[in-house]
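These are the structures, in structure tokens.
Here chain A shows up in two complexes: once beside chain B, once beside chain C.
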Partner chain A sequence: MEKDNSVKTMKSAKTLKTAREAGYFGKKMLTDAIKAQEEGHPIGWSMVSWWQGDFIAKAMGMHLVYPENYGAFCAAVRQAEPYLEIADSEGFPNNLCGYARNCLGFAKSLRDNNYVIPEGAPGGGLARPVLLLASGTACDARYKWFQSLGRYLNDVPVWNLEMPQSGVKEYYLKDNKEKNLRFVVKELRNFVSFMENLLKRKLDHDKLKVMLDQALKTLNIAWQVDLLRRAVPSPMVSQDFWSVMIPHFYLPDDPEAYSFYERVYAEVKERVDNGIGAIPNEKYRMMFSELPPWHSIGFFDELSKRYGIAMVMESWNYHAPTPMPEEELDGVTDPLEIIARLTYHKWMEHNEVAREFDTSPGFFNAAYLKWAKEYRADGFFAHPLMSCRPATYTLMHTRNSLEEKLKVPGVVVPGDIIDLRVFNADEGFSKVEAFVETMDHYRDLRKQAGMAW
Partner chain B sequence: MGYTAGLDIGSAYSKAVVFEDGELVSYYVKPTSGNFSLAADLVLEEALQKVGLSLAKLRYIGACGLGVTFISETFNKITELSCHTRGVHYLMPSVRTVIEIGNQSARVMKTTPKGKVADSLVSDKCATGSGRIMQIISKVLRTDLEQFGKLSEKATKPAKFTTNCAVFLETEAISRVAEGTPREDIIAGLNQTLAGKIGSMVHRMRIEADCVMTGGVALNAGLVAMMEKEIGLKIQVPEQPMITGAIGAALITAEKAEN
Partner chain C sequence: MSADNKKGLAKAQEIYNNRGKYARSLKEQGKKVFGYFCCYPPIELLTALDIIPVRILGDMDQPVTLADNYLPPVMCIFCRSAFDLGMKGKYDYFDGFVGAHACDGAERTSFIWTNYIKTPCNFHLDIPHTAHDAAVDFFREQLEYFQKELEKFAGRDITPDELRNATMAHNRQRALVREIYSLRKPDPPLISGTEMLTVLIATMGMSVHEGNLLLEEVIQEIKQRENVHEKKSRLMIWGSLIDNAAFTELIESSGLNIVIEDTAIGTRPFWHDIRDTENPLQGIAEHYLKEVLCPRTFRDSGKNYEHDSELRFGYLKDFAKHWKVNGVFANIIRNCDIHGYEVPVIKDYLNGLGIPVLVIEQDYSTASLESLRTRFQAFAETISS
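After this line comes the complex of A and B, so read on.
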């Protein structure tokens, strides 16, 4: 594919120095995998599985790249459209997940180039895999996406990791959690057997344990950064987070990611200690949901500039979970069980809030009810995606919940994660301009109701 | 405070209003006819002429609408949602819900007692529920839009449309004509379809009385009646439902300039 340098991007300037440096990790994942392949190491394409499969694969010497992250990367540099067009021409519908379409388009271009990454592929491209590691969590498209890749990556096996996604009431049923955890551990044991067979090598449990310890440390410090973001004015905005998240989300086991997060923490803490806001004119604090328009993150810089809007919290799924209670890990020595508990905790941790507010599901919905208070949110920015059902169908419910239960209104600006052809920034500005009045009105209502913010 | 003008340059109609010290003294409405820039110049000129003013007398101009960027005079651009709520509040201060159906889209807005946007919903990226459908069908039926209201009252058996899509509605309307369905029934059926579509937006907003309908489509009394049935509230229509955006643009601009 020819690289089109004339494409105009709408990148964010980002407010944190560390956020401007975070792109290094995205590129590192891609280039490390290409180098590893040249050295004869196995490559896996992995869906985001909230760490369910990543550490195991990596501990067995596999280098992982993430097509979802690659989709975001291609969109951010506005190079996704050629892949989307390939997917279109292959007959994939344009209401299919943008990440999937980008990946399918790339995979076809890889096959057509005899499995040599075509020149000009953004970020160097995805190295040819020996495994497609799929996940049954989050959305329906992910069940079929990697299977569909079989058209272009013949003979590459697909392994699907499953995890029960209990509803709030079911979560509290007697023994439900322990049964679910047993199921996940069993899944992981099966995955290990499969990997040992595929790679003809044994899992090094000690190595896995070291990686896991490192990952828990990284996730913990990432969570502490989230806590700092409760400050007013907000020391870090979504435009920063969407860059900074890459190391904790994809590489938490990497000591370099941890060191990076120490610097993020220090930079954000310094702002909090000195009352410095990420944007100089913070007037309104908004939460963003769910997946951002990666091709137009600069849109949010403009919202800050025009209306003094700080995006103070965002997409629950990208955030490091709260640390697991100590008793959760008491006496647990099997790293597979620790992984199972970590992933399960990530998905279930908001059930307590969901129960308090009598809402469901805990994921995709309840987190925002908790954060609205903690982060003193004035508004909710809903970004429905033509191509993503789970990240869309919950939005209206969350918007209504926030308005009814906490008097926090929402504005709906549709778009797409990858496909900039369906995002209209001007329409978005127009809606938000009017929404500023709405936020003022609801501030008055919260004040009348004696609410804290 | 002096004179302030407000413009709403829409895809079908351009509207201008003139305010003197906070009082509406003149307005003018004319078809945009595909030339935003010319329509903006002419409509403003006409509104000024009606009260014997020249452009030089204006202190501020506020504007909104699809063609706003084509206005040649210096002006403040204001978002349409804010303009319509403020404009309605000026005309009817007790109104808390505005259903605005323009040529391009339908909007439902809840207003605060001060005429600010309390909540809003816009029909996005689709001509469904917009005045454009009315225009298309009026051509199919070779009937002026102004007659739609009265004709639909004569309907005995409103035609059934199976789609909300503007493109397919046109196709279906042609089929109904070919089948010999009376145009009164076609118009009533169309009103029913639009009322259902816009009604679902209204229900999502959990609206409050008083309720008003604005935009050119509000002149279709048949649709207003069906909307009333659909949402279970009496709907008021201002004497001139097309100028609320321009009124709001003038008021907000003056307000911003004075503060």
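After this line comes the complex of A and C, so read on.
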């Protein structure tokens, strides 16, 4: 594809004051890691593992940075391109995940500079790791990418975390859940031994417990914010969420993240109490799936202005899960088991809805069927990505299911998380303009069918 | 003339050309037929219940049309093509469907398949990512569930002896396939890559017993016939699968003899036997995780890049040596992440052994094959000089 540097980014104004402050956490992750390295702490590059590996590594004194997040960061500041070009010239297919290609390019430049972060690396760059913490959950790229980094990070080991991804029917087979969890706990123990060997230090179980307690509190309050968002008009929109999610997704064990969410909660609650909507003229309520065009979040501001569309719920994978039922943790004291249950719960919690609607998989897909009712959605915005297959695989299926089972129609606007050229805002606007009528029509259909919204 | 009247290579060709017809004829004989994805579902369990396992393939000859509304274009086109065929009713003879988390694409396709293409029985097999002991235990437990679901469908239990016998029959098949591979060691090889592909695809659509008979006939025929092949540069294929003989024909008519394929319709399902263990499912679980060497299974890191590559790809060195390989074609179906991420690594490794590598990302379409001819011809020239 021809390079087109004239493509414009569209920044969002965000509607919440707290959302405008959230960028602090992204920068903090990067600068803390560089500081930690200077102080001699080990650095890990980690895939998002839905909290499966993070607290263990951190409780052992390792500082984690997230190359997926770094990819989003480089894209947002329009500095991913040189790294993508390096990855291409190294022979990696150019249809691999954009975040991965960004990282592979960065890793090569790091190696070529004798592992000193090259001057001018976006956000100060990623500090040199002693571990690559991979995960097969959601996507193959998330361990294949780290394996292929061996070319540039010669002797840095990769550890791959295991998390079962049962089918919906299979999830309900007798004892399957407990067997799955037993497997995850065993693997977490293996991971701990591996880490103890790598770092030559023992896991501090008490420290881990404290981190975990904090993380559960942070995830809980993030979920409570989600509950507030059911209000009509919507007190917070996706443009806000994509900023405020950073602390709960990456740093839930950080007390600062928790206090931040207390403020988010207060701000959103105040709006709900006073019937204030995030956008002034809410006419349509839509859900968005799955990863947004980071470079053009302002597109959604414009949708609000033009058509009164509020993006009321979005991006299943970034959301805190509902709190685990009390009996789930009854008598469970081993922090590794709590971690296993937390991540497994995140991935499996929507199986119930999936079963009710006879659809699969539960992850990435079924949550939208639940949310459509709870958030009174009029439409579904599907955003297929060039760069992230797992966030794209089930989109058409989810669109079909929503339309067929709940009379909630979908619009498909392709784009990308990293490549600006794939996203054509004008085409997006025309599609949505036509879609508004479709939403009106389906509202009537839902009314005729006696549905609640 | 039907497949019944033919033998050996001609029979394989006949079945390869008419997989659906052949499967339907099995159904007319009262057999049950299950479809399965990739080389990870242990088909030994199906055989134990006299269910015929049919490997789900795509069709490089047909444009994908119906799948667009279900599976997006960023997905591996092999998966999209297979699903497209399913939506078009090409697999409407399945009594059951075995989905598998082989790779991410196969996993999501499996899930989505069960939403739109209904069969009386289906099971999704969750395949762990590592070959750790805990993963083997987990996989064995998943196989126990799989077995129970199959038994429910069949209305009877599998006895340990039946499972053992089925495993032995499949091991016999593995041995026969390896024997054919050994007939590709001479120069020129006694059987071409195209013939091999048709034979393997034919066996992947019939009962193991019929398949073994076919393989025996093929072996006898090859040994007896005069070698019909010419000497050319010797090529190993590594990477995404090839399931259409037009592709291998194109390669072999470009100055190359394909002598071995490290792919999912090649050595991978056949290279190692399943061990006989006290609980037969243990041996099966170990085999599929530890010995089916698709890079979808994560192997623990070596101490540095070189060591890691050796641990993961060392077996290719043996292939190259014993099959006297002059060059390797790394076949990447566009959007296949499992193989895509390995491209520079596999090149480093094989080049380090002095073996040239041709990497081609292709769109899984016979219509666009001809445009690749010059690249194969140029590669053949390079490696012959």
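By our rule, the second predicted complex is superposed on the first by the 444 of 453 C-alpha atoms of A that agree within 3 Å, B and C clash if a C-alpha of one lies under 4 Å from a C-alpha of the other, contacts with A are read in each partner's own complex, and residues count from 1 in each chain.
The rule is simple: a contact is a pair of C-beta atoms (placed from the backbone, for glycine too) under 8 Å apart; a residue touches a chain by one contact, two chains touch by 3 or more.
For clarity, every value in this text was computed on a predicted model and none was experimentally measured.
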| item | value |
| --- | --- |
| Partner chain in contact with A:E427 - chain B first, chain C second, else both or neither | first |
| Which superposed partner A:L342 touches (first chain B, second chain C, both, neither) | neither |
| First (chain B), second (chain C), both or neither touched by A:D440 | first |
| Chain touching more of chain A, residue-wise (chain B, chain C) | C |
| First (chain B), second (chain C), both or neither touched by A:P409 | first |
| Touched partner set for A:D140, first chain B, second chain C, both or neither | second |
| Contacts of A:R389 with chain B and chain C, given as first, second, both or neither | second |
| Partner chain in contact with A:L96 - chain B first, chain C second, else both or neither | second |
| Contacts on chain A seen with chain B and repeated with chain C across the two complexes | 396 |
| Residues of chain B defined as touching chain A within the complex | 78-82, 85, 112, 116-122, 124-125, 204 |
| Chain C to chain A touching residues, read off their complex | 68-72, 74-75, 99, 101, 103-105, 107-108, 110-112, 114-115, 122-124, 126, 128-130, 132, 134-135, 137-138, 141-142, 145, 295-296, 298, 301, 303-305, 308-309, 332, 334-335, 337-338, 340-345, 347-348, 359, 361 |
| In the complex with chain C, residue positions of chain A that touch it | 90-93, 95-97, 100, 134, 136, 138-141, 143-145, 147-148, 150-151, 154-155, 157-160, 162, 164-167, 169-170, 173, 176, 179-180, 183, 186-187, 190, 359-361, 384-386, 389-390, 392-397, 400-401 |
| Chain A - residues contacting chain B, complex | 396, 403, 409, 412, 414, 422, 424, 427, 429-431, 433-435, 437-438, 440-442 |
